[in-house]
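Shared chain: subunit A. Partners: subunit B in the first complex, subunit C in the second.
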Partner chain A sequence: MTATSGVATGEAARAQTPQQPRRKSLHAGEGRRGLLLVTPTIILLAVVIGYPIVRGVVMSFQKDPGFNRATGTFEGGGFAGFQNYTRFLFNQCPTATGGTIKCPPGRIETLFWPSVWNTILFTVITVAIEVVLGLAFALVMNGSFRGRGLLRASVLVPWSIPTAVTAKLWFFIFAYAGIANAALHTNILWTAAEWPSRFAVIIADVWKTTPFMALLILAGLQIIPDEIYEAARVDGAGAWQRFTQITLPLVRPALMVAVLFRTLDVLRIYDLPQILTGGGGGTNGHATTTLSILVVDQIKQGFNRAAALSTMTFLLIFFVAFLFVKFLGANVIQTQQTQRGGKI
Partner chain B sequence: MASTTAGTSTAGRSRTDAVPTYEKPRVTWQAVRKFIGIIAIVVFCLGPFYWMIVTSFRPVDYTFETTLWPTHFTLDNYAAAFSTKLGNHFGRALVNSFIIGVFTTIIAVICGIFCAYALARLQFRFKFLILGVILGASMFPGVALLTPLFQLFTNIGWMGTYQALIIPDISFALPLTVYTLTAFFAEMPWELEEAATVDGCTPGQAFRKIILPLAAPGLFTTAILAFIASWNEYLLASELSSDRTQPVTVAIAAFQGALPHQEPYTTVMAAGTIVTVPLVILVLLLQRRIVAGLTAGGVKG
Partner chain C sequence: MINRRKGVAAVAVVGAAVLLAACGGSSGSSGGGSSSQAAAGAARGPITYVQGKDNSNTVRPLLDKWNAAHPNEKVTFKEQSDQADQQHDDLVQHFQAKDPNYDVASVDVIWTAEFAAKGWLQPLEGQYAIDTAALLKPTVESATFNGKLYVAPVTSDGGLLYYRKDLVPTPPKTWDEMMTDCSIAKKNGIDCYAGQFAQYEGLTVNAAEAINTAGGKIVAADGSPTIDSPESVKGLQRLADAYKNGDIPKQAITFQEEQGRMQFEAGKLLFLRNWPYVYSLATKDATSKVKGKFAVAPLPGDSASKPGASSLGGHNAAISQYSAHKLTALDFLKFLESPDTQRFLLTQASNAPALASLYDDPALNKQFGYLSTLKTSISNAVPRPVTPFYPAVTKAIEQNSYAAIQGAKTPEQAIKDIQAAIAAQGS
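Up next, the complex of A and B:
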């Protein structure tokens, strides 16, 4: 309420500006001052993000230095064309003679597609569970009741624990003699068997990030005016009808933004599977290897190929973000503007 | 509160004449359902956290006991966590995390203040493009920074230095502070700034003397969020740090036990508790603002 009146006053003040020459000093050169103030941030981001992106792309087209068995010499670098990409995408390993063969099993190249599918699997399942749980949490947390502070406080706990600690905690919970097997009366190898290890990662990730999802959805729920629900109740709409006809459509923008954030976040997942399962599990020992884990493994075998891998990871995330904004209408800036009452 | 009560009572009155006996059980059932929901959420969120704390007080021989309270309470694990006998340097790692976090936070908040002020307050060209770029930057995968930085830092001999850990952290801390501060600044009473300039302050003075003091709580919250993000970072630190500069997240993930291949569960739970409890207390004290900052900036988990 106070926020809205604040805007009104601010706008009123600005509208009066032309008549009051003294205030011009504040607005004169506003454009230039604005650009000047954002410059340090833009420069820093260019250095810490822009430079690595460009450098990564350049590196990805260079050969990694290595021993050439055909000539018996140690060769360094050189232009690689798309070789660093095709070896992962199509499993084409270069031979000594300059041709390509299908990469033999066990080579890191053969893990590319499995790790892409693992990453997508984690993303789809975790985000789906989080949407349902997060929505349920947000509905419970909405409104005023006693103990609301306690509830909000406990929801912030999983979020504030470092992921590395979360992974270690779930590693202990999922230990063979751990509480998960004890509570379920099972003897599951949670961090070694194929599907259990995947679900161990999913469960731990859901635990850590559902609160965040719930808070984002709650922010969307709180801007739905009570009067709409009152009107629907007067018109005889039941609880389920109110949920599907009012809550869901109105919370959709906030929900889409939350889903976008979480999707992009799981697509780059590293800490949790790396510490919880070491990217292992299953008969091939890579049931939980994600794209980020693969990149880090590849760094030790060659920077330039790793750069090609990380560029592909970046492009995948970029592509998914594009799909969301383009086809699912996840308008981050606009949604947040609405939640802040029309200001930035 | 007021509107809800009023709403229920009105709805109740209109129905009282028809079926008076249904009114009370319906409300109670709703309250029960809400109560069950609250309990479920609290158990979901705090259960595993409680398990970590309670395990940190169990002796090694009782690691896997399933009682809700340790049968043999001990503080040995906390001593073991700080012991350097097995090659663990948890104490040093805590200091490292602190150094990295503080420097990252200072740089990100100072740059963030200027940028957020401009975004929230001024009209200028490319404003929405810049907002988009900063939001995009916060979604950027850390692993795409890792390869070029790994090579760069190796070439210029920065591996194992603090700056090699602080600089990459700015890549996510800065977008976070800009976004959160923009949200906080948008809520400020800007008429006061106008008034100050009318009274003869320069825009710079008006910002320093009027706006900054008022924005202090928001700044503090933003700083805490940036510090937590940096404190929790693992991917970049695990590859770019040396034994001397490794932060707690890396140290905890690599904790050595007394015997090879034997996971020192209780010691790790103690270390995890030490790393987490101060954060949790801080977050609980500032919860209202942190929730506001989180939802405004869409900070990653």
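Up next, the complex of A and C:
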């Protein structure tokens, strides 16, 4: 093998393995049987996933019941149009007389855009840190040395602890009288000041999920054949050149998949900030409130508005996933097929 | 051909199994109630009592006692989690589904208005009336919504001022006196005062106490906001000023009940506002440095003549509108309020009973040193805003008080914003 680039190696590998004839269309009998076998699952998915989504969207166009002071009961509801969406997007609360006013501080509507901003901030920072750290861990774990198995298992420990327990542990670490302040000789209010509380959440999240990233990237690293590195070494490439010219391009598919998973996870994050800081921090008390925390708070105050918030969260995440797959090449299925076939 | 028929048959069987599994589970659980729904409401029969986690093992002995006396009207215990939010959501789910299996529910005082306004509770009037004369007045107020009694008060709770009697022999009677006593704290190198100021329900409790003590009122009887008044501003200003000049330490903004208790037990606080449960822990904890050095007093008031207005805690018992055996449920409510049961709740679980006479009992006072102070506290207590929009109202109070205490906005602005936020509700 004289190939020194990934593309050339792939072609060579493909030439050597026997090709399966690609089916352009489903063979009549097999295709129909396959469809019938899949039908129960599709029905189950439709009931468990499809129906709630559709119901949620329908609910988001209904008004929450209003309170009738004369009778002392809740009544009404009815069609709300896009009101449940505009009240969050534009911070306009409807009044009893039919107009709208700017929502007063203390209402959940005022927290929508800050939560979106917090969620995106968490996503960008945690994923960036996790990529760097995860790649570093994966490179170390990829080497062969004694105790490699033990290292790989122990790296997984933070990931295996339930998130609620992790959050509570870090809550005690970041308490005012806790270890963090003692070790750093500081008096930082980790759960109450604006940026310290955000960094508390980021640190806890990075600690917990870097192993996950590291393992996904490790899977991608292990497929790269050693011959390429040897050939590069023979050709006189330095360590950094080997890293940027061979490792990074070849691990890119697996890396993109890992980044996609993590990004979608952090956009939906609820348990860690809720238990660690309660969504609080900063002088308005909402420096670490994410979209999911806002949805749960809204559920207590009105289901239909919560459905609208939830739908907007869903659309945001869907949009981000779409961007990833379309433009950044995070092709989950292709990567799995490629890995299974041993092709690069 | 044969393969295909087998395939279709297999699919049909699997599909049927999935559907049956989905439907069968739900019909099994509601089958029990349907037979007795025929004579809905007026019948007697077995009931279910729903309450959060029974940490002190009070419910099972009580139910054993009742079941022995009423073999045909047995009570089953449905135990929920020990998280208040999860208990609330569990009740909401079952009431919304009109579940006849939840007959009597233990309802936190702040949920009463919400559940009553949604029509889930049987009003305690007419044939369901109970006698409330022997109960502490504020507990009955918290059980009333829109002029009707909806729930039966069972346990209560009030805030107490814990203080270091070795450093401050006579407890302060007013807020200003307490702030003057802070010089003693400075002299001994400890912090002066803390309550619960993290952004959660406890902050609403503390802010409401400050506002109500100064003479403000958060909502009127019909739920409309009345908080915008000079008295409310005076109350909130007290907290903001104390935080600014360090009488409330900076880290108190992260305190819930437990953090404050640990600081007090470590000897680092002169005054602590907390619930009665701290009393026995501070006396018995091995790590408590204040054993025998602390005492309790009613919350400091606006003037020496009247103690501070504590926020009311506690749980009430409610009859579900969808119960099939409401008369049995009513008798069970009366059983929960009977003197024997109330005494048992106090001695077994250190709950504050709703029955007023128990607080004057000399034997109980010897056993629970805080009892008479607690009676004063509850007698002067003001319920938190009685409104069906309690989750939204408490959020508005929390967020604005949090900002005001830290100095991010003036107390005047904070009070105005709370008023506007509550007024914007209902639409």
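The rule is simple: the second predicted complex is superposed on the first by the 305 of 344 C-alpha atoms of A that agree within 3 Å, B and C clash if a C-alpha of one lies under 4 Å from a C-alpha of the other, contacts with A are read in each partner's own complex, and residues count from 1 in each chain.
Here, a contact is a pair of C-beta atoms (placed from the backbone, for glycine too) under 8 Å apart; a residue touches a chain by one contact, two chains touch by 3 or more.
Predicted model, so just to flag it, every value in this text is computed and none were measured.
Colleague: Given the alignment on subunit A, is it a clash or a fit between subunit B and subunit C?
Modeller: Once subunit A is superposed (C-alpha atoms), there is a clash between subunit B and subunit C.
Colleague: Is A:301 touching the first partner subunit B, the second partner subunit C, both, or neither of them?
Modeller: Touch partner of A:301: subunit C, not subunit B.
Colleague: Which partner chains sit in contact with A:175 here, subunit B, subunit C, both or neither? Use first/second/both/neither.
Modeller: It touches subunit B and subunit C both.
Colleague: Applying the touch criterion given at the start, work out whether A:216 contacts subunit B, subunit C, both or neither, answering first, second, both or neither.
Modeller: Touch partner of A:216: subunit B, not subunit C.
Colleague: Touching A:101, do we find subunit B (first), subunit C (second), both, or neither?
Modeller: Only subunit C; A:101 stays clear of subunit B.
Colleague: Give the label of whichever partner, subunit B or subunit C, reaches more residues of subunit A.
Modeller: On the superposition, B touches more of the residues of subunit A.
Colleague: Which partner chains sit in contact with A:33 here, subunit B, subunit C, both or neither? Use first/second/both/neither.
Modeller: both
Colleague: Going by the contact rule set out at the top, does A:44 touch subunit B (first), subunit C (second), both, or neither?
Modeller: Touch status of A:44: both partners.
Colleague: With both complexes overlaid on chain A, does A:280 touch subunit B (first), subunit C (second), both or neither?
Modeller: second
Colleague: Could you tell me if A:271 is touching subunit B, subunit C, both of them or neither one (first, second, both, neither)?
Modeller: first
Colleague: Subunit C clashes with which stretch of subunit B: 5-13, 95-103, 149-157 or 293-301?
Modeller: So the stretch of subunit B colliding with subunit C after superposition is 149-157.
Colleague: Where on subunit A do the contacts with subunit B and the contacts with subunit C coincide?
Modeller: 32-33, 37, 40, 44, 47, 175, 177
Colleague: Going by the contact rule set out above, which residues of subunit B touch subunit A in the complex?
Modeller: Spelled out, the residues of subunit B in touch with subunit A are 1, 3-4, 7, 11, 34, 37-38, 41-42, 44-46, 48-49, 51-52, 55, 63-64, 66, 107, 111-112, 114-115, 117-120, 122-128, 130-137, 139-152, 167-168, 170-171, 174-175, 178, 182-183, 186-187, 189-191, 193-194, 197-198, 202-203, 206, 228, 231-232, 234-235, 238-239, 248-250, 252-253, 255, 263, 265, 268-269, 272, 275-276, 279-280, 283-284, 287-288, 290-291, 294-296, 298-301.
Colleague: Where on subunit A does subunit B make contact in their complex?
Modeller: Residues in contact with subunit B: 3, 6, 9-10, 13, 22-23, 25-26, 30-35, 37-38, 40-42, 44-45, 47-49, 51-53, 55-56, 59, 136-137, 139-141, 143-145, 147, 149-165, 167-173, 175, 177-179, 182-183, 207-212, 215-216, 218-219, 226, 230, 233, 257-258, 261-262, 264-265, 267-268, 270-271, 274-275, 291-292, 295-296, 299, 303, 306-307, 310-311, 313-314, 317, 321, 332-333, 336, 339-340, 343-344.
Colleague: Under the definition above, what is the set of subunit A residues touching subunit C in their complex?
Modeller: Per the touch definition, subunit A meets subunit C at residues 29, 32-33, 36-37, 39-40, 43-44, 47, 66-67, 69, 72-74, 93-96, 101, 103-108, 175-177, 187, 189, 191-192, 278, 280, 283-286, 297, 300-301.
Colleague: Which residues of subunit C touch subunit A once you look at their complex with the stated criterion?
Modeller: Within the complex, subunit C contacts subunit A at residues 3-4, 7-8, 10-11, 14-15, 18-19, 22, 85, 88-89, 116-119, 145-146, 198-200, 222-224, 250-251, 253-254, 259, 388-389, 391-392, 395-400, 402-403, 406-408, 417-418, 420-421, 423-427.
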